[in-house]
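Which chain is which? They are A, B, C, D, E, F, G and H, in the order written, and residues in each are numbered from 1.
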Amino acid sequence: MSNVYTPDLNRGDRIGLEEAIFCEGKSSKDLLTILSDYHENNTSCLLTRLSVSKFESLPKQIKEAMDFDPFSKTGFFGQVRQTKKDKLVAIVTAGTSDIGVAREAARTLQHAGEDSIEYDDLGVAGLWRILEKEKELQRYPVVIVVAGMDGALFGVVGGLVASPVIAVPTSVGYGAANHGHTALSVALANCAPGLLVTNIDNGYGAACAALRILRQIRG
Amino acid sequence: MSNVYTPDLNRGDRIGLEEAIFCEGKSSKDLLTILSDYHENNTSCLLTRLSVSKFESLPKQIKEAMDFDPFSKTGFFGQVRQTKKDKLVAIVTAGTSDIGVAREAARTLQHAGEDSIEYDDLGVAGLWRILEKEKELQRYPVVIVVAGMDGALFGVVGGLVASPVIAVPTSVGYGAANHGHTALSVALANCAPGLLVTNIDNGYGAACAALRILRQIRG
Amino acid sequence: MSNVYTPDLNRGDRIGLEEAIFCEGKSSKDLLTILSDYHENNTSCLLTRLSVSKFESLPKQIKEAMDFDPFSKTGFFGQVRQTKKDKLVAIVTAGTSDIGVAREAARTLQHAGEDSIEYDDLGVAGLWRILEKEKELQRYPVVIVVAGMDGALFGVVGGLVASPVIAVPTSVGYGAANHGHTALSVALANCAPGLLVTNIDNGYGAACAALRILRQIRG
Amino acid sequence: MSNVYTPDLNRGDRIGLEEAIFCEGKSSKDLLTILSDYHENNTSCLLTRLSVSKFESLPKQIKEAMDFDPFSKTGFFGQVRQTKKDKLVAIVTAGTSDIGVAREAARTLQHAGEDSIEYDDLGVAGLWRILEKEKELQRYPVVIVVAGMDGALFGVVGGLVASPVIAVPTSVGYGAANHGHTALSVALANCAPGLLVTNIDNGYGAACAALRILRQIRG
Amino acid sequence: MSNVYTPDLNRGDRIGLEEAIFCEGKSSKDLLTILSDYHENNTSCLLTRLSVSKFESLPKQIKEAMDFDPFSKTGFFGQVRQTKKDKLVAIVTAGTSDIGVAREAARTLQHAGEDSIEYDDLGVAGLWRILEKEKELQRYPVVIVVAGMDGALFGVVGGLVASPVIAVPTSVGYGAANHGHTALSVALANCAPGLLVTNIDNGYGAACAALRILRQIRG
Amino acid sequence: MSNVYTPDLNRGDRIGLEEAIFCEGKSSKDLLTILSDYHENNTSCLLTRLSVSKFESLPKQIKEAMDFDPFSKTGFFGQVRQTKKDKLVAIVTAGTSDIGVAREAARTLQHAGEDSIEYDDLGVAGLWRILEKEKELQRYPVVIVVAGMDGALFGVVGGLVASPVIAVPTSVGYGAANHGHTALSVALANCAPGLLVTNIDNGYGAACAALRILRQIRG
Amino acid sequence: MSNVYTPDLNRGDRIGLEEAIFCEGKSSKDLLTILSDYHENNTSCLLTRLSVSKFESLPKQIKEAMDFDPFSKTGFFGQVRQTKKDKLVAIVTAGTSDIGVAREAARTLQHAGEDSIEYDDLGVAGLWRILEKEKELQRYPVVIVVAGMDGALFGVVGGLVASPVIAVPTSVGYGAANHGHTALSVALANCAPGLLVTNIDNGYGAACAALRILRQIRG
Amino acid sequence: MSNVYTPDLNRGDRIGLEEAIFCEGKSSKDLLTILSDYHENNTSCLLTRLSVSKFESLPKQIKEAMDFDPFSKTGFFGQVRQTKKDKLVAIVTAGTSDIGVAREAARTLQHAGEDSIEYDDLGVAGLWRILEKEKELQRYPVVIVVAGMDGALFGVVGGLVASPVIAVPTSVGYGAANHGHTALSVALANCAPGLLVTNIDNGYGAACAALRILRQIRG
């Protein structure tokens, strides 16, 4: 019972994405075991869904080796690579409450060496806000849209830009928002053709999908 | 067991809306009993959710006394009143598949003496379509929006006009559209403030709500 | 990443409703950024779903500029306008546990300059309570009904008054009450014709809908 | 594999209710096997959920031995006992579409020797209809209420009479009526104290429950 | 806004059940307002779903006037009547975790003057436990069965006794137990004929239903 | 596009179970392509969920090579092996309507060379029926229980026998039976320890699981 | 009411995807109106979800102008462009029953001038089937995976190839497959990083998403 | 009311599994009553779902008599038997977050005298991890697979080994993982034939099922 994890060693070579550590549900003890091994082997990695309290419970030495962002609950452990100069990904949020999830996407891209630009609080209740950015958005080869509640922004962006659009529904809202399931269903049942969808609050997944696409574009 | 129904006799006086006959689930025999009584008493009424086959099963005399529209599954039984000259209600649909439900609303309004205007197939995947109508729509004291699938049109209209907006989700779509429940949840969990919502496919209910509002406006 | 929000500047002119700040899901830091801007520009606004602990976490200067009501979790930030003399909206609750949501509606109306009257604890288990108020209620051009659990009050009021009736289901109850989804479905699948429905616990939305209607009535 | 059923022979003695044959899902062949045995042994029984087409597929001799009611989909096979003179059960329906289920309850009572009285189409959208019957209903030791859609009638009756009230939700309605699940949840999450609930469309079960109660009352 | 409640004054006369105070969702302030009125008028009442912390928050004088049971979260406020000598209700639980809900039923009966007997932990995984009590249970005119998880006990008891059986599903269990919804559905979709069902964890409702039946039996 | 299927050639060697053909959702054309190949190669196989109409649509030659059972919707195509002499599996059904699913299990076992014995209609509403078989059932190394509606039989059998018990929920029932999902949840959330569960109506899967166990027992 | 549709005229220029006609829910009359206009203007288009019976109901002239494929329910109306020589998209199905949906994707790509290659029936129950194709699949810049039931193939392919992987859940399966919702949830909650998901049975949407990506790759 | 539990005394003899104490939902007081009796009678037992705080609340004497494992929330109370030398059960987890549930299974087996071996973190996103263990896993007569999120490991293992495979879905994941219901549905709707499924997070149940099978194998 000593080996609580089996690292997917060649994932980077195989699919171009390094393994990240999903911290939710892992005991602090198991998490520490993993990070200590990484520390010893001088391996760097991305941590996701790392709560402030779980981060605080780690030993000082480990914490000091980590660039932790409490808002997106992500950590960069060890060395982080330089980001490429050109920004190919735009990240749009419908409301201020969606920014934490958008930041998870931005940080995941950054950890993989891709910079991104964020356009915040452009929900369709004030439609001029997104229309004002139409031309700008059309310049990006990949657009990530982050929205909760009614998720109406997914389809509007999908109808304005020709690039692949990745929809990230968030759990923002109450009652009929159903913890993000309404925004998720909206993204899936959309009239705008060719929307791509990830799990609720899954900024990390949207970034990984963007990285898969960028790899094909950059060649 | 002879009396299968108890007419709500003074409903028109009480709440300004005559009782309509909801035909779904009623046996043809019971429906005939009711209509025969109405015929005898020379009372007129609106029938909703009357399928073609149930209509066809009625006796010739009853059918001839009815103005039946198979597309909206509505019937006008007996005399129909004149509609008022001014149109105060706009009905907008997101797609061609939503028109049957929109027609149920239009016919219900017509039966109560109110005319309406229909704007069809203005879904947000081609956003310019609704934007082109913005000024026109703002002129109507009541706007009914009929949409299935992602229901994104509800919030867009709600953000463009100041009048009361009544959202009618439809069961158009498949998979994550969930028989209209996604469009319904979208309408309810909307960022556009003050949307009013009715049941799925309930054009009749939207029209009744509009009539309640018009009664206050017309004074 | 410095601009965490994009104010919908002309919303008041466009749809007659000023933008409100939905506080749930916003970090205290982002909320403070927004309020500081408002403070600087001498702009007033309504805050909804502001928990006591988030309110308490704000700086003293900001708190003093706010009229905060913990029961409805609403805040008036900055100057508040005078309410009009005539009360056109009645707000009815089914039980004492529904009053928090009703107060959110009343406060939203008040912030927009409309006074209202509240009738509390008139659930149909003691039917005489609502019947006693029938004549009074019929005088109001808009009636908001707030109810959880079985939501039977929606249909009863809908069958007694001719005005537009706005149903606000609440999350009061347990088990089969399903966090308000039963009351919501009841409002939607109602036999009383022309009920208008908002999201669960959405007193704010009901008030906004009422304001849209009042604007048409007041002309 | 020859014995497709195991009759619960002493059920009548044990719990006061004879075994009935639930026909849904049984192959016509298996149903015929069972009825032939009953015919041979001169045993009578009640059949429920017997569709017209399945009834029609039975041999003439079996059909002639059955009093079949297509509306409630019930059959009395063999001899039927005399009903008692006094009627102790009132059955109330909210709408004409609920009568089929009410009839299943009435026929089940009749088969067990209890007569009943039916009050039809007393839904709360026209509240005076049920109020007019208040005194009459209070005379019955058991009241069965049959309602679909919003199911508001359950709580209203539960608040008016002191007898045990058995709620039978029906699958009447569409959209948010959710095939009877909304009416079911309404009955369960009710503010009227002490409502008793059965499965959707289960007139048979409501009658059986009434028979259990009547057995205690008649002593 | 001073009157936060409207007491259902003649409920006892009308339906034989005094109004109880459902404490969940009520603010401590509103609860105190109600109890102070009762105290002043020397009225006694039953409180349900009163959490320990809400009870503790009440003033000493009010607490001393209450017989509070933390396990069932019920309180008797003011004078309590004598219970009748004969016990007509048996309460059976499937497991030790269901006892809190059973106690709510027992306390509600006691407050209305009816004593009861409890049979605990008789789940069907050890079938001999319920079979051993078969004869005893058959003596009671009303049997309440309280069970969570699979709820198999409902049908077993329903098949063993002729009295009315009231099923109270509980939220005991995890995963597929679905917070009591599985036990609830089991009670409703039961093969044992004539089971009567209440909301999840609703011991109070089961007791009220029993009181309605007892009133008919005692005459 | 000519190869519509990729046979899992060594499945029998690998996991001891030959590949079966799941016919639902396959076009008649694709099904015929597969069977013609099998016919040519003189390979035998089991077909499941083969509707009568799809079977009838096959060419005569193919039909004649098949032992088709319409009740369980299974077909044996080609040669069938001899069944072993000793019966190690008991299949119990709760009601006559569950027999079709039980037969699918029996036929799957038979096709793999294992005989079984069926005990039908032993639901717990008449508890003596299953108790009478207790000793007999305890003799079988594997017991399959097939039940719909409330699924109470799963836990009762699980508490009576020491062998592995495989629960097969069926879609028998209506309303709260939820197309078999209630019986499924009951099997999963059971108090009887160590129940094993398969998909709704999945007699085939239960038989395959039994075959995996028998392989270990027979050694 | 004469204009039942509003063509999104410049969609091709705007987002690189021509408007397609979703035929489900449209009346035959409305569909004919649209196609007649297209015919007159010599415009070509793609039709999706066109059932055989609706196709058959069209006039001969229209039918002859259409390349209709009943298996994928798609039609090419008018002239079809030449497909590009290089195939950049691989389409993998888990089972033969998923091929109809895969064909919808292939036909949509073809209509837009992109060829594709299909790998059929590679579900993970026989894992060697997909492993055998690993190297081949890694060559394609876009991989579409079509799977119902357990949807395990999505994650396996996502872990083997570096290209963007588009998951299309299908409604194949029964019981716990939940009409495709289980496969959908599996795709969304996947451990393989960066999976992109579309609606259930939405081969059309997957193809449109692929076209968005290809546009970026082809530059 | 003094007897809060009814021990299933001969369960071990009857079904080969001693009764365990499910601690969730039991009050500390009731739990103590039970354990004190066991202590007095020198009976040993297994406790499941015993939270750290509930364990800590027990008296010192009771705590000292217990081997408590906080990670799996299990306790061995009193004497524990020797485990058998040969390990017949393999327990596989998909991720580190699933280990707590796996440990519950291992501890339950250990308490019943069966040792087991654990293979951790072998999820299919890095497919080589499980393939590397294929031969080893095939040696065990029973394989338990523990997985959350997409649950893809269930089918992969089911397709690789011939032994009975018991799937334990876990509540690991978020959004579309639906608290383990997605993994549960995946296990049930699986293409790999003959998977056996237990409740979400039910390591205890999986171990009990394994014990039933082992009893047949060991003879």
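Annotations for the structure displayed:
Just so we're on the same page, contacts are C-beta pairs under 8 Å (C-beta built on N, C-alpha and C of every residue); 3 or more make two chains touch, one makes a residue touch a chain.
Owing to the predicted nature of the structure, the values given are computational and were not obtained by experimental measurement.
The minimum number of touch steps linking subunit B to subunit D comes to 1.
The chains in contact with subunit B as well as with subunit E are C, D. Each chain gets a centre from the mean of its Cα atoms; the one farthest from the centre of subunit H is B. Counted by residue number, the contact pairs of B-D are over half the same as those of E-H, the matching pair from E-H, B-C or E-F. Distance between subunit A and subunit F, defined via averaged C-alpha coordinates, is recorded as 44 Å. The geometric centre of subunit B is 55 Å away from that of subunit H, both derived from CA atoms.
Computed centre separation for the pair subunit B/subunit F is 49 angstrom, with centres defined by C-alpha atoms. Residue numbers of subunit C whose C-beta contacts span two or more other chains: 11, 95, 125-126, 158-160, 174-177, 184, 188-190, 193, 199-200, 202. All chain pairs in contact, by the document's touch criterion: A-B, A-C, A-G, A-H, B-C, B-D, B-G, C-D, C-E, D-E, D-F, E-F, E-H, F-G, F-H, G-H. Chain contact summary for the complex, subunit G toward subunit B: residues 1, 3-6, 8, 11, 19, 22, 24-27, 30, 34, 49, 169, 171, 180, 184, 199-202. Residues of subunit H touching subunit G in their complex: 94-95, 123-127, 131, 149-152, 154-156, 158-160, 173-178, 182, 184-193. Contact residues on subunit D toward subunit B in their complex (touch as defined above): 71, 95-100, 118, 120-122, 125-126, 129, 148, 172, 174-177. Every residue of subunit A that touches subunit G in the complex is listed here, in rising order: 11, 14-17, 20, 141-142, 158-166, 184, 188-190, 193-200, 202, 204-205, 207-213, 215-217.
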